Amino acid sequence: MPPAGVASPLLTVQIGTFEGPLDLLLHLVRAGRMDIFDLPISTLCDQYLTYLRAMEEMDLSVAGEFFVMAATLLEIKSRMLLPAPPKEEGDDGSGGEGGDGEPEDPRAELVRRLLEYGKYQGIAESLRDREGERRQVFFRSRAEYSGAFRTPPRFGELSAEELLRTLERMLAAVGAGERAVTSVRRQKITLRMKMREVVTLAERAGTEGLNLSRLLPEAPFALLEVVLLFLSLLELLKVGTIVVAQEEFCGEIRVFFVPENERAALVDENTEEGMVVADAG
Amino acid sequence: MPVDLPRMVEALLFAAGEPLTVKELVRTTETEVEALHAAIRTLRERYEHSALQIVEIAGGFQLATRPEYAPAVGKLLAPHANRLSRPALETVTIIAYRQPCTQAEIEAIRGVASDAVLKTLTERDMIREAGRKPTPGRPILYATTDAFLHYFGMAAIDDLPALDEDDEMMAEATEEATTALAAAGVRIDGEESSR
Amino acid sequence: MPVDLPRMVEALLFAAGEPLTVKELVRTTETEVEALHAAIRTLRERYEHSALQIVEIAGGFQLATRPEYAPAVGKLLAPHANRLSRPALETVTIIAYRQPCTQAEIEAIRGVASDAVLKTLTERDMIREAGRKPTPGRPILYATTDAFLHYFGMAAIDDLPALDEDDEMMAEATEEATTALAAAGVRIDGEESSR
């Protein structure tokens, strides 16, 4: 690494990347190689105000905290210029805690805050490293559980009120009210659900395609479900989300998912030569 | 330890958590199909002494536990799997409030096929068959069980909290749905005959 | 191949998909704590030549891929959630060291308003509410979660690097804060032993 990182810190740092006044001050202290235990408050204050002005000029919305800190810095600066207050009790008026005994350095509180904040910043950086290391490692989500191991239901696992809430929720979803509207809406939702299922399965099957028989519900099925399946296939074909192919008479019908960026093209090809198999290479 | 192809496949199968096709594996590892198959063979040998195995499933490969460990895994996961799913909860709610009722009536309210859920609920002893409805097709009637009462912490079915509004709402909703479907040319009451 | 304890643990760690505590493992395998630790050691040896590893994280053990395979796995899986922003990282650091602590305490250290960042951290499950401080206004106290430990790959909260206490001012400030909190009935330092 190049050793000369000190060069002109004021110019190299992007304005507006500071999280708050303490962050900015710490930057100025470090970049200016200032002694934090004997802060050159006048220099620090000037640099801080320069930054603040630059931020304003660039139309960055400067948070109120920055101005509060500017006032604090100016106050400290002025107090540093005053001669040490006479040794009188109760008249100290500095607002600091050095009430009894020797007067407190006006910079003390600021230094304490900078040190404390700086510590957490340092640790945050080391956590940033851990974050990076951790991201190199992958875990696995919970395995599918088949339910092959039945355990007896536990007493009172759910309350009876849960049943009532469920009922109310369902009734709200069905929407007891204008009958025509209700039923139409419900059917639409169901069809949409079926469509989503078809798309998900077809997409997962990828370029291999999905056998239609896999989409059919199992043996004692509800007629409604089959009807909805075919309605959704028709709809999805129409909008080009899927294409279907049957390679031989009475053979398996296969469903292919069409990625969004290939949809328009496919519809054209479709009209020209019948069946097209998407190849998302 | 070098990053070799079998281990790369191992990491992928582990992290994916679902079957990976040869195509996906070839693409991700940037290798040839034959090399990939060889890698899977090597990996299978390495896993011979493991509780895990590489299974070929649904057109892909997947890492899975060996059947011998199913009891242990079941003991760990069953408590989570044990809770009623939302569809199951909804279905048993309908049955509880309307019992005895048919599958068609349940489906008319839920708006989705309920075969699987009725099967689960029967297996879990939450519902039972309670005769047949004397309508065409003589569909099965379902009712809740004592285990159902137990699960929901009730002493008797009378402990079911009452719906504030008139109970007719529910009946009305069912009727509406049935009518609408009938209008759409879908007959739902007769289907039970196939069972 | 016999069903031995290390393999049983292997199957469990694989299937769980989240860190399993020693307690959970002991209960599920019906064994003793020492035997379980021995099994984990054996398993670690067996996994020495694997792309996978057993990590101690968020209070438990979990199977994970080794970092060398990150490029391959990253190519297959959707990338991890976004990294924490700098404000979020700093805020969660402060909470980690001073927990439980209030928004006002955090803001006093950071010198900026922290509403938004606390919301983000809560949404990302990094922090949780841990009661209320018994002071006027009863402000919410925040603490870190297991997900926080997991996110940073830590086994327990005392994996955090030690706060450098050598300069007096800092130590003093911490002490002051501790005393103040202790006076308010909040314990912050004595908790390390529990994990």
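As written, the chains take the letters A, B and C, and residue 1 is the first residue of each chain.
In this section, a contact is a pair of C-beta atoms (placed from the backbone, for glycine too) under 8 Å apart; a residue touches a chain by one contact, two chains touch by 3 or more.
Treat the numbers as computed from the prediction; the structure is a model and nothing was measured.
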item	value
Maximum centroid distance from chain A, chain identifier (CA atoms)	B
Chain whose averaged C-alpha position falls nearest the assembly-wide average	A
Centroid distance [mean C-alpha coordinates] between chain C and chain A, Å	20
CA centroid of chain A to CA centroid of chain B, Å	31
Sites on chain A at which at least two other chains make contact	138-143
Per-residue multi-chain contacts in chain B, two or more chains	11, 14-15, 17, 65, 73, 75, 77
Chain B residues touching chain A - in the complex, by the definition given at the top	11, 14-15, 17, 21, 23, 59, 64-65, 70-71, 73-75, 77-84, 89-90, 92-94, 96-97, 103, 107, 109-115, 120, 123-126, 147, 150-154, 159-161, 163, 169-170, 172-173, 176-177, 179-181, 184, 186-188, 191, 194-195
Contacting residues of chain A [partner chain B, same complex]	138-143, 145, 147-164, 166-168, 170-171, 174, 176, 179, 182-184, 186-187, 189-190, 193, 206-208, 217-218, 220-225, 227
Of all residues in chain C, those that touch chain B in their complex	1, 3, 7-8, 10-12, 14-17, 20, 24, 28-29, 46, 48-52, 63, 65-66, 68-69, 72-73, 75-77
Touch list for chain A against partner chain C, complex	19-23, 63, 65, 69, 111-113, 115-117, 119-124, 126-128, 130-131, 133-143
